[in-house]
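Please read the structure below before turning to the comments.
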Amino acid sequence: MSARLQVRNLRVAYDRNLAVSIEHLTVEPGTLAAVIGANGAGKSTLINAIANWSRAAPRLSGEILIDDRAVAGKPADLLARRGVVLVPEGRGVFMGLTVEENLRAGLSAVNAGGKTYSLADIYTLFPRLRERGTTPGGSLSGGERQMLAIGRALRMAPRLLLLDEPSIGLAPRLVSLLLETIRALVDGGLTVFLVEQNVHAAMAVADSLYLLERGRVVASGSVAAMRDDPRIIEAYLGARDG
Amino acid sequence: MNVAQQLVNGIIIGHAYALVAVGWTLLLGAARLVNFGHGQIYMVSAFIAWWVMSTTGLPYALAVPLAILASAALGAIMQRLFLRLTLSQDLVNLMIATLGFGQILEGAAGLAFGPKPETFTSPLQAIIFTLGPVWFTAQDTLTVGATILVFLGLYLVLDRTRFGAAVRMVAEDPPLVALYGIQISHVYISIFAFEGAAVAFAAVLIAPRTPILTSMGFEQVVMTFVVVVLGGIGSVGGSYIAGLLLGLFTTFFSALVSPAYTTASIFALLIAFMVLRPGKLAASGNFAR
Amino acid sequence: MKALPAPLRLFGLAALALLGFFLPRLLGGSSHVYDTFGMIATFSAMSYGLDIILSDLGEISLAHTAFFATGAYAAAILSVNDGQGAWVAMAGAVLAALALALVLGMITLRTREFAFSLVTYAAAVVCMNVAANWDFLGGSDGIVGIPPLTLSIGPASFSASQPPQFWPFAYLLLLLTLYVVHRFRRSRLGQAALMVHMNPRLASMCGLAGNQVRLLVFLVSAPISALAGWLYAFQRAYVGTDLFDTYFLVLMLTGVILAGRRLLLGPLLGTALLVGQKSFFSLGAYGDKLILGTVLVGILCFCPKGLANLWRRRSHAAVEK
């Protein structure tokens, strides 16, 4: 089977500053790949580049393939409709729309390529959201907002779900709950590319791992193999901030 | 002074103001855009309807939808031209560009229709209702009814439909809209098409009250601007009420004080509002981005 | 490019100014050419008033037609109704514009971006309305019969009634305006304006009161446009509400934007192109409006930084090859 996502020679620059330079990166279908790295390592820049989306105006070059089809340069809204769905860092839902409106607002093509999640599916997955159906996004708690962001992304039948630090700002117990939910979705067939600062939590759920430093992949492999990698041990034993 | 009659006149004029402003309410409130070509689209719409009626002999009822379609297309073309400025949120240049577009329309209309005032009439103006001391025409009734319907319709569309949600999304966070799979340029172009159609609808209903001139666009924007600001920028209901109150105000002002200085009095009203509620227009408010 | 030594630069500038003065003569010297050049000088002086708001403060004032008209009306009233000389009319024009600018500046002090533009636009419309209805300002007929411009300096007296005689005055006004704008950009106020525009946060950290700077810049800019109006009143011998026409507004905006913002000679070049078209290749009043609007929209859509930038890009590309 071919890879769901392949990245080759990707370079992303803000003005003249190269923020990401990646030779090679792959995500297999039905797996969860996690990217870890310190603040400013380029994790968000990378995941945004895959969705061809940014709040700034970075310059991209290189190849991005989704199911062997080149997608680099395609507009972000088209990619989203075709199932490359990003939940960005920070503000990821509309504050002025209610929970249900947020869940209904997404537009996806019939050939988006992933499993279609109904509104009921989302409410089963995140029962909290059902109770808050008519609440505006702006009145949700941080955790509820993340659930909503993931929920609305699932509604778009993602063939590749890109999650940028979904656990940021959540209580430790909620972090593992959220990541376990994501893991369960992957076990159900979803493909996820996840950015996570919490190395420990990422290792608990991911299949493969990429360690990013100053925009470059310095270590990668299956979680099992990476567990013994000295750079990982060094990173998350706290020699550097992990 | 016939107070009852002035009251009726004020209500009619007020609805006219509100209807002329409804496109801007959406434009400014939802998309943070302005259109200084607004008055010129009003002028062009009236002339299109007049031209259709006088050259082809089509009835008013058919000229109206034609003018609305033409102006919706005009609005869409305008936004298509300015798309790059809109997407980069270059509001300053966008504003000047709409002013230039208005100038194009005025020049083109002048070339096509000449400098003479023309009489654009609706058959409904001849139908007059008398109720005790007051009278009004069928055209007035249509104007009031249509305005109420347009406002109600806009409110429902914004509140209940997917398209309405998309407009609210664009207003809140344009970049995020793309991640929901929505092509933002379509939303912007639709908003401008609505702006064109709405002002055209207003023009065909209201312009028959006076002779039409190709230079009549200049002042239209001011009243619209005041309605939108007093209504609380972007508030559909607010614009309706502001339009109505403004209509009553101008009617009584011109009856009691001076008809010549009505525009000046409106401006004074605007300034008073800005002084009393400066936050609405200050840089910190939602008005400036 | 290396900067020339100061005396040499001064000499160069003087030679350039002299050349500019004789340009209409070199182009045939007909009355029409002089008239066109007078118009270019007057209208570009008017545009410079807007230029320092648009380029330095980064706001769009749509009230500069009102300042222009204020200058013209003040000149007309003082010279026709009160029989005053041109100097008094000039002082009146400046004072009237300052007063209007102060009022408008206070009103718009806290508004930004399109709120600012909308309020200034509304102010211009109101001014036109007042001019059209107030008999003191001539009502809708305007004020006619403005005498020829006569300026006396000591015993010498200069008078102009024909375009060729008018040209030196217009040219002087233009040079004076250029000098003022140049000095303004180097002044502390000019620097502060730019800082308030480009980086309001930093500006306030440097202790610059943004609102004060904005008001002062407004007060500098209004008399520039008003002086152009003062001259225009004598040039045309009458004033009327057509001075408020959006044509002048769009002319100013296009003049400033066409060549490029924050270029000292930009508004002059832009205005020269536009007035030259109107004067030598006119398509009638409506056709000219159409052209003006098209130029403005075209520039903003395809080259928002102005023609100078296009040329600069071209030469850059050539270098890179």
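General remarks:
All chains are identified by letter, namely A, B and C, in their written order; residue positions are counted from 1 within each chain.
Rule of thumb we're sticking to: a contact is a pair of C-beta atoms (placed from the backbone, for glycine too) under 8 Å apart; a residue touches a chain by one contact, two chains touch by 3 or more.
Keep in mind that this is a model prediction, so the values were computed, not measured.
Ranking every chain by how far its Cα centroid lies from the centroid of subunit C, the top place goes to A. Taking the mean of all protein C-alpha atoms as the reference point, the chain centroid lying nearest to it belongs to B. The mean-CA centres of subunit A and subunit B are about 44 angstrom from one another, to the nearest whole unit. Rounded to whole angstrom units, the spacing between the C-alpha centres of subunit A and subunit C is 55. Here the spacing of subunit B and subunit C, counted between their Cα centres, is 32 Å.
Considering their complex, residues 51, 53-55, 75-78, 80-81, 85-88, 91-92, 94-97, 101, 104-109, 152, 156 of subunit A touch subunit B. Residues 34, 36, 81-82, 84-85, 90-97, 99-111, 218-219, 221-222, 225-226, 229, 260-261, 263-264, 267, 270-271, 274, 278, 281-283, 287-289 of subunit B are the ones touching subunit C in the complex. Contact residues on subunit B toward subunit A in their complex (touch as defined above): 162, 165-166, 168-169, 171-173, 175-184.
On the side of subunit C, the complex with subunit B involves touching residues 58-60, 62, 107, 110-115, 117-119, 121-123, 125-126, 129-130, 132-133, 246-247, 249-250, 253-254, 257, 284-297, 300-301, 304.
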